[in-house]
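Input: structures, listed below.
In what comes next, chain A is part of two complexes: it sits with chain B in the first one and with chain C in the second one.
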Partner chain A sequence: MSPRPGIVLEVDRSTPATLFWHGEGFGLETLPVGSRVIYAPEPLAALKDPDAAIRHALEHPLGDSAPLSSLLRPGMRLTIAFDDVSLPLPPMRSPDVRQRVIEAVLDMAAAAGVDDVILIAALALHRRMTDDELRHALGSRIFDAFAPHGLLQQHDAEDPANLVHLGQTDEGEDVELNRRAAESDLLIYVNINLVAMDGGHKSVATGLASYKSLRHHHNVRTMRASRSFMDMHRSQLHTSNWRMGKLIADAGVKVFQIETTLNNDTFPAEVRFLQRREWEWSLRDRASFYAASRALARTPPEVARRIFHSVQAPHEMTSVQAGEVGAVHDRTLQQVHRQQLVEVKGQTDILTMGLPYICPYNVNSIMNPILVACLGLGYFFNLYRNKPLVREGGVVIMSHPTPWAFNPVHHPSYIDFFEQVLAETTDMLEVESKYEAAFATDPWYIHLYRTSYAYHGVHPFYMWYWCAHALEHVGKVIVVGGDRAAVRRLGFAPASTLADALEMASDVVGRDPTITHMHAPPLMLADVQ
Partner chain B sequence: MTSSPSLRSVLKRPTRPGGAEPLPLTHSLGVDYDTDWARRYPVRLARAMLLDDVTRPVMRAGCRPTIYGLEHLEPLAGPMILAGNHASHLDTALLLSSLPARIRHHVVVGAAADYFFDRHWKAALWAFALGAVPMERVKVNRRSADLAAALIEEGWSFVIFPEGGRSPDGWGQEFKGGAAYLAKRCSVPVVPVHLRGTRAILAKGSRRLRPGPTEVRFGDPLRPEAREDARRFASRIERAVAVLADEAETDWWSARLRAATGETAPYRGPDVSPWRRAWNLPSSADPTARSSEEAALRDRRSWP
Partner chain C sequence: MKALVFERSLPRFAASRVASALAGTGHGVGVGPLELREVDPPVLPGSDWVRLRPRLAGICGSDIATLDGRSSRYFEHIVSFPFVPGHEIVADVLGGDLDGCRVVVEPVLGCEARGIREFCAACREGRKGSCERIAFGSLAPGLQTGYCADTGGGWSMSLVAHLSQLHEVPVDLTDEAAVMVEPAACAVHASCSAGIESGASVLVLGAGTLGLCTVAALRAFCRPGTLVAVAKHPDQRRLARDLGADQVVGPGEVMRAARRLSGSLALSRPHDTGQIERLAGGVDVVLDCVGSPESLEQSLAVTRPGGQIVLVGMPGPVRLDLAPLWQREITLRGAYAYGVERRPEGPRPTFELAFELVRVARLERLVSARYPLERFEEAVAHAASAGRRASVKVVFDLSLKGAAARPDQAHAGGREEEPTK
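Coming up: the complex of A and B.
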């Protein structure tokens, strides 16, 4: 049976209760009759022979790029950059796509006699990856061959000696990149394009850049003008990165882009009910749901978190393309859309979403309140093309426990941002103008970013800006089942139950609102007509 | 947030919203149902025990069969196709019960894929109890044909009712070409079989069993001739069953004489209106004829 496309289900009296994620847990909620539920398309079929597809892509590049083998020669400096731990979500089962692709590239480099090869995790301002995470992403063969010799590096956006300023774009944006990457004879970037936002010129211009460069597109103004940043043609975030990409190319940096897409097979077979439509749940699915719900209700949150973060997705590769950045990214977007696009007719008054335990910035970590806001209003809200799912002035209802809890190793600056900055103001522009510079240049945060496993000092600001478009667009944000104090600190309204939240929303959208629920994950991209 | 789910929610199948398309059947049912498991030794042993210790005694008690023509089966060493008339659900069990042990323990039954294999429990039940394999009866299906041929070549005898379904009115129906095709393809003999009296016990559509006597007749094995196509061979099988039916209603010699002169009573009944067909039905096939007196009376009836 070929995978079925996504659907927009109208809830009727026969519709069984709908699954809502709730952090490290989930529950069934009965939506009012007439509500809509958006279901993602079913997972696309995987490539039958991914390794052969990778070799084919490398030797048959898109755009004006030559085949990879002809770009490799003895004596050259080759740098292979790759996406960090924030992709894919949840982390995929071994072998990771990065391992497959980089092994194929290294095979060709070895055959061509290339000695000077460096691998760089393109962290931007994310935390460094642990050895275990690197080993999982790259596989033991690569890790053991490169890491002991210092040839497996992680981008350091705060190391002046290893950054190079390539110039300014027409708009006056600084482009400062990883020196090794910029000065290599060939820079190969290996992407995992989980959502439409990933990849393209954003890979190098963001992943290997410094704060000086990133601040030009990671700011309130750009975020508000990115509608959405899942639609590159209407996203200032992408426009800025594309300008930078052009400058990088003009500066003589030769980039060979490799992009891969995955299907949205997100959860293992034991919990397959998480990605099945509720009316199709078999006895096994219902029993799994019952057992999991009962067990989770008695599991301490820390243990539940460990269990959930040990989940590895059975994602499989659906396409791989290589060559010139623009041509590659066009093909990639088609593949992402094929997997995720769902046509939705008209906007809604109330958008509901159940937020899961994971977002790109808390892999093996705690989803703190700022990340809850970012996942709901930054990511889920922006999973649209054309128009937002929720109308202007509408209400977003998110379900998440939103604990007042932080991982002090991964998110030290988040703690201070939450305790100090958001306690003062939640206003985007004020936060940006008054506090950003101090956090971004704080030597202690920089030290932790460079030597420990901490996100950069400015990162919580970016997470907050990520919500800028949504917060400007919607009239009210309600969090169901969240820590009340934490939810209020974010400037949102807490509610005990979905029914209460809908009742509260009626103050904004009236007594007879339209309601739409995003049944994600698996991820989708709503094409709102 | 939400309350804990109840155990009842596990057992109760969720209802489908009106706006959702039904899920296409992903399980292999119908003609795609895999019956390999039912021919493994432990299952065969269980089926042999069921057949010998349950089915045969029940059939003997309920159908009181008299079996004729077993001598025709004795010379046949290899697999064979047993092609019979079909008027009742009891036919298969009665036929299997009437076969010598060496054949009945090494036989599969072609059963309508759309009827016997449309649910998992039904498919499993019939595959186990009768050694049924799914056959497409509406159209020619390569998978059905290949499966049947493969089983015959493995040495399994094959029971098939070439009419494709139970008789709706007690008269015979046209024999489809499946049995003839398989016999030609695998070069095995076809044994014509006639079952008399099963319709009176359990007719199509009837919900009540009315135990009574039955007769099972095995005819001379037929082999396809060199230039005979499957359709003609199927007609020959049908004629052979018609002769056995004639023999059942009269006697062996009279039936032979009529067969020799081409005067065997038409197997499919007279080409008249439905009620006249019912009127002309032999008493053995008439579930409404309950006593021997009534049956005798019925037999005297005729219509100008």
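Coming up: the complex of A and C.
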């Protein structure tokens, strides 16, 4: 039976209560009659033989690329870069798709007599991966073969000796890349395309770049002009990355792109109710929900966090394509759309969303308030094509505990950003002009980024900019059940319950608003007509 | 006349110390050595002295420490009992050529006030706060009016002052503004004597009266590169910003703020956890307007090697690890009272600058509540918890009688609300 497409349900009197995520927990909320609930399509069928599909993709590349085996030769310098710990979400069960792809590539490289191979985690300005995380992503065979010999590296955007400036685009954007990657005879990039924003030229131009490069597209102006950054044809973020991709190619860097897509089978069987439609919950689903929600209500947040972060998704690969970047990415996007696209008729006055415990930047970590804002207003708000789900001047209601809590190892500059910068101003342009440079060049943040497991000093700024389009668009943001001080520090309004939030929203959108709820995860992409 | 009199009484001193330790600062007054009494007005010590009738008299942090029994025994030889506290005074002159004049008292009792013909070196230079003769001359020992048995103090209906102590209050300056001149002068002296270089990073610990006045003084008379105030309560935060702080942080954010401001590396154990236990660098200058062991320890933790800590708030006995002071070659200096400040335009009396500061920074807004002498226990308790009660300066209003007490200023109460979208 083929998976069912996504749907937009209109709530009536017989509609059961709707599941809302709330960080490391969830609950059921009764939405007003007439509200809409958007459900993602059901998980697509997995590739029957993913390893065969990978080998086929490598030997039948898209675009003007030659088969991979013909690009490999003895004596060449081969670099394989791969997406970091921010993908996929939640982390997938072993074997991770990166392991499958890189094992296939390495087998071909070995067969061709290539012995100068380096693997690089394409961190951009993200934190370094731990050995356990690398081992999980690549598998023990690769990890044990490469890591002990220094052949498994993590991109260091603050190592001047290992960066090379390739030039400027015709828009004056600096392109500074990882030297080893740029100076290799062949750079293979292994991607996981979880959402439409990922992949394409963004993989190399962002993942292997320095702050000097990234600042050209990770800024307020670009984010406000990306409508949305899940739609590359209307995204300045992507336009900039594509210009950089062209410059990278013109500079002679030969990139062989391998992109993969996953289905949205997000949660293991024990908690499968989390991705089922509520009216289809079985007795077992209901029992699981009540048992889990009651247990979580009694569980300290840090314990609940550990439990949730141990969840591994049963994601399966739905496609793999390789070759020339543009052609590969076009095919990838088709697959992402096939899994995530939901047609939605018209915008809404109020958009509600239950935010889960994880986003790309808090794997094995705390979802701090800035990341809450980023997940809601950066990611979920931007999960649209054509028009935002919420109308201009409308209200976004997010449900999340939004604790005033930070992981000091992963997010040291976030603490200062939240305590010091947002205490002064939440204005995007003022934040950018007044504080960004100091954080980006702060020697302690750089030291922690390079030697510990810290996100780069500038990273909280990027997460804040990620909200720029939403904050320019909406009239009010309300957080249900959040730490009131933390929510206020973000510039949002706290509410105790969804009913209170809807009441507060009426000040902006009137007494009879249209309401739409994004039932995510699993992730979706709203095609708003 | 009525006066609040502080007697030498070791049992009551001990009782106030215990009570304040148990019930909180400011709550030891009822069992302590301070009493409201009918006493004879002080005698004029000489022809160049005048009698004053106080209008307003402030309650200072040093007063509270004394009433709590927390003040240092160091002062035993430079005060005389019984004394009437109160050294932040705006008063009317009674009699003589200045009869009817409204004045602020410069309370230090230096060589001139003490009738000492041959001034000490400090007094010769106008540095009255550093007078070496505060226990000598024609007066009983006492470093200031308010700690001397012969002069009386502001917490009464009458005191005496030497003509050299008087500063006439301009007609357009309110009593509330005038009563702020003395604490403002302390802040001016602390700021100007620190030798803060232009562009220096400066951190002010504490946002009570002294801390807020210091923020204002630094903004008015120095050129700090970045001025960070540490404030605990919402109204203090707002006032610190209004008075010129570039940034205001909470007490728990000081280390991170100092690190970011200075671009310093930080040390933690185990290494590189993102927690900060110690800074490798720090800010150029810290003005500690609290004077507690904790604030001093914090000051040492956030001052850069070769930097300076200015102790503005009155300290007591402190047990402190001075290893960072030694290893980082930090200068620790006190800033007490006032005298003459070196300014680009030439030497200027601190009080003259303080009058300017009060006017330009509108420091009268810091006066938050007035009490009659009869309600001194409440007044002191209020002053001791001023920040928590959205207040700053609590004063005795000598025109009030009995139960009357007046909250001043619109800023009393209120909570910090951040704008929301």
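Basically, the second predicted complex is superposed on the first by the 529 of 529 C-alpha atoms of A that agree within 3 Å, B and C clash if a C-alpha of one lies under 4 Å from a C-alpha of the other, contacts with A are read in each partner's own complex, and residues count from 1 in each chain.
Note that a contact is a pair of C-beta atoms (placed from the backbone, for glycine too) under 8 Å apart; a residue touches a chain by one contact, two chains touch by 3 or more.
Given the structure is predicted, the values throughout are model-derived calculations rather than measurements.
Chemist: Give one word, clash or fit, describing how chain B and chain C relate on chain A after superposing.
Modeler: With chain A as the common anchor, chain B and chain C both fit in the superposed model.
Chemist: For A:F492, using the defined touch cut-off, is the partner it touches chain B, chain C, both, or neither? Pick first, second, both or neither.
Modeler: second
Chemist: Report for A:V220: first if it touches chain B alone, second if chain C alone, otherwise both or neither.
Modeler: Neither partner.
Chemist: Is A:S399 in contact with chain B, with chain C, with both, or with neither (first, second, both, neither)?
Modeler: Once the two structures are laid over each other on A, A:S399 reaches chain B alone.
Chemist: Which of the two partners, first being chain B and second being chain C, lies in contact with A:V480: first, second, both, or neither?
Modeler: After superposing on A, A:V480 lies in contact with chain B but is clear of chain C.
Chemist: A:A124 contacts which: chain B (first), chain C (second), both, neither?
Modeler: The answer is neither, since A:A124 touches no partner chain.
Chemist: What angle, rounded to a multiple of 10°, is defined by the Cα centres of chain B, chain A and chain C, with the middle one as vertex?
Modeler: 130
Chemist: If we overlay the two complexes on their shared chain A, which of chain B and chain C does A:E10 touch? Say first, second, both or neither.
Modeler: first
Chemist: In Å, how small is the closest CA gap from chain B to chain C once the two complexes are overlaid?
Modeler: In this superposition, no C-alpha atom of chain B lies closer than 21 Å to one of chain C.
Chemist: If you lay the two complexes on top of each other, which residues of chain A touch chain B in one and chain C in the other?
Modeler: none
Chemist: Note which residues of chain A are touching chain C in the complex, please.
Modeler: Residues of chain A touching chain C: 407-412, 415-416, 419-420, 423-424, 426, 438, 442-444, 447-448, 451-452, 454, 471, 474-477, 488-489, 491-493.
Chemist: Please name which positions on chain A make contact with chain B in the complex.
Modeler: Going through chain A, the ones touching chain B are 1, 4, 7, 9-12, 14-16, 20, 22, 25, 27-29, 277-281, 283, 286-287, 289-290, 293-294, 297, 399, 480-481, 497-498.
Chemist: How about chain B: which of its residues touch chain A in the complex?
Modeler: Against chain A, the touching part of chain B is residues 1-5, 7, 9-11, 13-21, 23-24, 26.
Chemist: Could you pull out which chain C residues touch chain A in their complex?
Modeler: Contact set of chain C toward chain A: 247-250, 253, 256-257, 259-260, 263-266, 271-275, 417-421.
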